[in-house]
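Before we start, here is the structure in question, set down as structure tokens.
All chains are identified by letter, namely A, B, C and D, in their written order; residue positions are counted from 1 within each chain.
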Amino acid sequence: MSLVLVNLLDGLVTGLLLFMLCSGLTLIFSMMGVLNFAHASFFMLGAYFAYQISTYVGFWPGLLIAPVVVGVAGALVERYGLRRVHKHGHVPELIFTFGLALLIEEVVQFFWGKSQMAFEEPEILKFAAFSIAGNAFPAYKVFMIFVAVGIFLALLYILTKTRVGMIIQAALSYPETVQNLGHNVPLVFMGVFGVGTALAGLAGVMAGPVLGTFPGMAVVLGSIVFVTIVVGGLGSLWGALAASLLIGWLQTFAASYNVTMKDVLTSVGLSEPADLATSALRDLWTLTLPQIGPILPYLLMVLVLAFRPQGLFGKRET
Amino acid sequence: MRKLAGLLLGAIIAISSTAMAWAADTVKIAFIDPLSGPFAATGEQGLAHYRFAVDELVNKNGGVLGGKKLEIVPFDNKISAKESLIQLKVAIDQGIRFIAQGNSSGVANALTEAIKKHNKRNPDKRVLFMNYSAVDPALTNAKCNFWHFRFDANADIKMDALTDIIAKKDDIKKIYLIGQDYSFGKAVAAAAVKYIGAKRPDIEIVGNELHPIGKVKDFTPYARKIMASGADAIITGNWGSDMVGLGKSVLASGFKKPIYTYYAASTGITKTFGADGKGPLKLVQEGMINPPASERAAAYMKAFKAKHPNKDMGQPRIANVVEMLAKAIDKVGNATDMVAVAKALEGMEHEGIFGSKIVMRAKDHQAIQDVHILAHTDEDITFDLDNSGFGLKVESTVKMAAADSATTCKMKRP
Amino acid sequence: MSAAAIELEGMCKSFGRVEIIRNVSLSITKGERHAIIGPNGAGKSTMFNLITGKYHPTSGTVRLHGEVVDQLKPYEINRRGLSRSFQITNIFAKMTVFENIRCGLLWSMNYKYSFWHLVDRQPGLTARAHEILEQINMADKHATLAGVLTYAEQRALEIGITIAGGADIIMLDEPTAGMSASETEYIVELIRKVTENKTLVVVEHDMGVVFDLADRISVLVYGEIIASDTPQNVRANPAVQEAYLGTVLEGAD
Amino acid sequence: MSLAGETNASAQAGANSVNWLRLLPWGLAVVLLAILPFVFGSGAGLTVLNQMAITIIFALAYNMLLGQGGMLSFGHAVYMGLGGFFCVHLMNRVEFDGLWLPLPLLPLFGGLFGLLFAVIVGSFSTRRAGTVFAMISLGVGELIAACSIIIVAFFGGEEGVSADRTMGPALLGIDFSSQKEVYYLSACWLLISAAAMYLYSRTPVGRMANAVRDNEERAEFLGYSQRKVRFMSFCASGFFAGIAGALFAINFEILTEENLNLATSGSVLLITFLGGVGFFVGPIIGAIVFTLLQTVLSLFTEIWQLYLGILFVMTVMFFPFGLTGLIAIHFRPYQLGKLGTLIIPYALIAGPALGFALGSACVMEILFHARHAALGDETMTLLGVSFNSHSPAPLLLAVAVAGLSVWALRKLLPAFKDAWDEANHAGDAS
């Protein structure tokens, strides 16, 4: 039972981290119709910038400065890159962000090399906040939960209580209304892209010490972010939250329980072939849940897209 | 456009082959390993050591065949099997007859197959494969061939040595096995089950699982399982970011007992673990770095560090590859009769610079040597890794590990 | 049942809670030229989309030559002999004029999903496409990219694509929208010419065009048909005048 | 919008007369493919040529989706890879079970297997175009790539499955043990596949694929189900991708996980876009340039992927019609007989443009060397000149060259633009 509780908490951390990334992505998609393939690359930039800053002045200034720098970089990409491609339509936009993802990975390797960076959580948070049945729960993860919840509440406040938020909300549900924003459309786009990427950068700063800061960190997380917002429903903030938590828990629990295909197959009355080592189905019989855990989200996405293209919470089709 | 591209290709191939032609008084070794992409750091480190080794160990002492120098020619395989085969062709075109590769057993499998076919189809242009790091046991068992030589201890041998040590630790009652879901990870797990079962049947294997390679973002759930299982030790063959992720999560969950690994060192990993890893983190590897095996070894490493302050000597066996190959070439008297060179390598006994005798076993072309259990620590470290102050210190040694182990290799000799 | 080309019976359509079409029944006989008029937001386009299969009615039926078609896909309805144009120009902008017309021909000339015919080697297909180009007076523009044509030319091409398949029911959605007087005149003549002996249903704002072209007119107001009669009777109908004509006809230019 | 300028010809083409002029490119291709091995006879040269042939088929197949059908796929390597894996297993059956199958026919079976899988996936993925299709392709791609490590029986795990191509029945005494024989086999299949794909684009369903790409709603009202048209393009594309996979299996005699993964799928997108999606020859040019960059550039510089990334992003931003588009825009000046007037303006800006490219490349190389080379190793060689990468002078020089080039380009560009406009202007050449 205590393991379930630990898993719930771990899944919550993973889910909330995912949400920090997805909230920016879904915001960008809703406003601009661009599925930003490079979103996870901005996440990576956040981690690297914060690492670089932390080598000079420590972790905390990095936590504040790095997302801002990433946001500015994002805004510049929108202003000088995306806007130019925009007139050719959505497919070139998607291809542009795809190319950008490749490029950012190369640029990161250009400056920081290919090895893992020793980016660590601050000393002050390097202790076990509490432990459940011998499982230590690091204070840094508690801090992550607080930051993520704080971001969510701030977004919720901005979206529901401010003028800008009203406009964005309207755009979430009715993309045509974006056209009615008047002469500020380019500025709003730039702002949204900047804020979205800054959120990704913040997620990167938070995740860097836990998941490791290395050039492959964007690829590892890249496609899972799409999966999350597609499953949640494009353009839905609540959907993004729900899907993030769902996928966080799905992955945590899948990795935690060694359900084997053998048990499943024998329970439905099949018997294990005697010549398992040479049987064509040997891989099926030896399959375990943790083995397939990481691909479950993709399976989920394909199923969602095939049967409910608008996603679990979305109102409009992808 | 097509013509233009063709002309360009022709020009470039012509240039590169003439560039090679003037250096005909050297014996070239093609180094086919990742020099770009996510594993480039390991490849670069290997290349640096190879270049250093041929200069320091052979060329400074008069080279081979009475004056010819050994030369390392790097080829970037981007850790892809396909690219490796292309680079193999390029290397053969340039007249190179010795191929060195180490990173990824998948690539090694592809290369050994391709070299076998090439040597069969082109008897006048045969090449030898110096495998210095790919440890999939199959390469010297079911898939062995006459042209392949492995200088590292394979996964089985390392596990044999490791379990010799574990067998002596009475406080270990429960062991958790975890690895990446592919041939190497499976080989490690299978070997662990076999040897522990034979040497310490009382040890309970409380977990034996494989996780997808390079796809796990957060190892915390695995760490929780390991904690819940009450394991006294962990054995893992993980490398790269999978090693870092697993190690960090396990340590953060409060695990204080030994974590036996194959590859938890250098290329940023040692620095990342830092003080957290001191105590639990152990490695099984050949080559004695701390304390240095001899004055000569110390001088060798010191010179390397002076030349490459940001690189480590992560794969000490490279020195053995270079020395043994030079010896074999000198014994045969030419570097073109590959059958003779291979026969000279077969069964060769060599006193390695890092304090171990190396025997290239004739029946399967597997090097037999001392294997050490190393501790990740910052005490008594002469040569650290990642310039972190932390390094690997020999804790215990298994002399000539698994020297009489069985092999399924049925070597066909020409 | 009857020989009516299109027959609507108790057709309703709502989006969420908003009812757009309320209980519309209408019968259009074969060979008739029928116009649908009504103020903006009356539901004319929705009705068009319901008949052509873009939307499916919430309740009620649509019959085409007596066959119930309201659950069919647009392409299935098209194959039953109904073809439509669009309010916003809807052509294949990156293809030539000739290819636009040819695309309109393929299905009706029984090429269907063929991947064993070469379109350039079908004399019948090429000849027929050129015939239609002649009909819409665009033979000299056959090699021009459709996207670079003038607006009026694009509208004419749109009509060409619509009639190319030889459908016997042609539905045109505001064919003269946004045109000058002379262009309108030209298009109306063109429509008259190419829809000869066919059933024509047209949604139109320009009352001049409507009264010029139509045999019968239906007036749609707030999703309901308030009159369906000959032009003279519709003009005389007081309810129509009150709801629609009185204001718009005067305001119309 | 297929072959540049072909639309004109097709509209006028007399129905049954063979237009010899249009067969000319194909004839040239045959001759070129036949003589290439005599120019690049080395093993590596042939391997690169084979690699190119395979990439061309794959990219052409991919462009049936992206260029012809408007479907952006992030997982097309799956169909090539599965076709290839199937063929490797077939070759092993030939070797160990005595199955009678001449090697030259193998690609057909690879194609059929690719087709089979495309039918399965296409049945649900082609319902929508755009983002939905792109995301499903991504999901399926990730799933199959992950399966390749789990299902060892078929995919062989991380080390893949290998085979020996020479074990089949020898036809006419050819056992395909030499690279040259394999090259001619690949070249034949390249010609067959390219011709078939070109002809496919000229069939009714091929034309409707373009129509659906441009305007799916309109196509539906012309009697065609957009879903079925997309489905058929998808299946055809899967078939030809399978052929490419089979040729890969024959050439490399090994298939691994990397044949299925996202990186391979991504690179075919890159290749196709670089070459130009709007043209039939686009993917061919893209494949040639990309293969050259990959094999040759990586010999000269460590940061070739950075250059590739920059090239790709620049292409998307400035030349969305790709390299072929860049060539095609000269077609109008050529028609107007004004191509000659562009020579001098081009010559004028060529210097600064080259200076800028080289200058900025040098800046990057020097910075990279200074940052990542071994500490003692301060000398580097660029363009045949050796210097100390840690001293500021070379870096400043490179920056100065790049900066001056930009300045010169800015000065020269207005005049170039005028010349360009003039060359595209139908009026008299004054």
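The definition used in the following text is that contacts are C-beta pairs under 8 Å (C-beta built on N, C-alpha and C of every residue); 3 or more make two chains touch, one makes a residue touch a chain.
What you are looking at is a predicted structure, and each value in this text was computed from that prediction instead of being measured.
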Ask   = Quick one: which chains contact chain A and chain C both?
value = D
Task = Would you identify the chain whose C-alpha centroid lies closest to the centroid of all protein C-alpha atoms displayed?
result = D
Task = Would you kindly say which chain has the C-alpha centre located farthest from the C-alpha centre of chain C?
result = B
Query = Per the centroid of Cα atoms for each chain, what is the distance between chain A and chain B, given in Å?
reply = 35
Key: Rounded Å distance between chain B and chain C, as computed from the means of their C-alpha atoms   = 74
Centroid distance [mean C-alpha coordinates] between chain D and chain A, Å = 31
Ask   = chain C to chain D: how many Å between their CA centres?
value = 43
Note = In chain B, the residues touching two or more other chains are 37, 181, 212, 215
Remark   = chain A residues touching 2+ other chains are 109, 113, 291, 294-295
Message = If I apply the definition of touch given earlier, which pairs of chains qualify?
response = A-B, A-D, B-D, C-D
Key: Residue numbers on chain B that touch chain A, as the complex places them   = 37-41, 181, 207, 209-212, 214-218, 220-222, 224-225, 227-228, 241, 244-245, 248, 252-254, 267-269, 271-272, 274, 386, 388
Ask   = Taking the complex as given, what residues does chain A use to touch chain D?
value = 35, 81, 84-85, 88, 90-92, 94-96, 98-100, 102-103, 105-107, 109-111, 113, 219, 223, 226-227, 230, 234, 279-283, 287, 291-292, 294-295, 298-299, 301-302, 305-306, 309, 317-318
Inquiry  = Which stretch or stretches of chain D touch chain B in the complex?
reply    = 29, 32, 36, 39-40, 42-45, 47-48, 51, 146, 149-150, 157-160, 162, 164, 166, 177-179, 248, 252-254, 256-259, 284-285, 288-289, 292, 295-296, 298-299, 302-305, 323, 327, 374-377
Inquiry  = Under the definition above, what is the set of chain C residues touching chain D in their complex?
reply    = 52, 54, 73-75, 78-79, 83-84, 86, 90-96, 98-99, 102-104, 106-108, 111-123, 126, 142-143, 161, 165
Note = Per the touch rule above, chain A residues touching chain B in the complex are 3, 6-7, 10, 13-14, 109, 113-118, 120, 128, 131, 133-136, 138, 210-212, 214-217, 220-221, 224, 251-253, 255-256, 258, 288, 290-291, 293-295
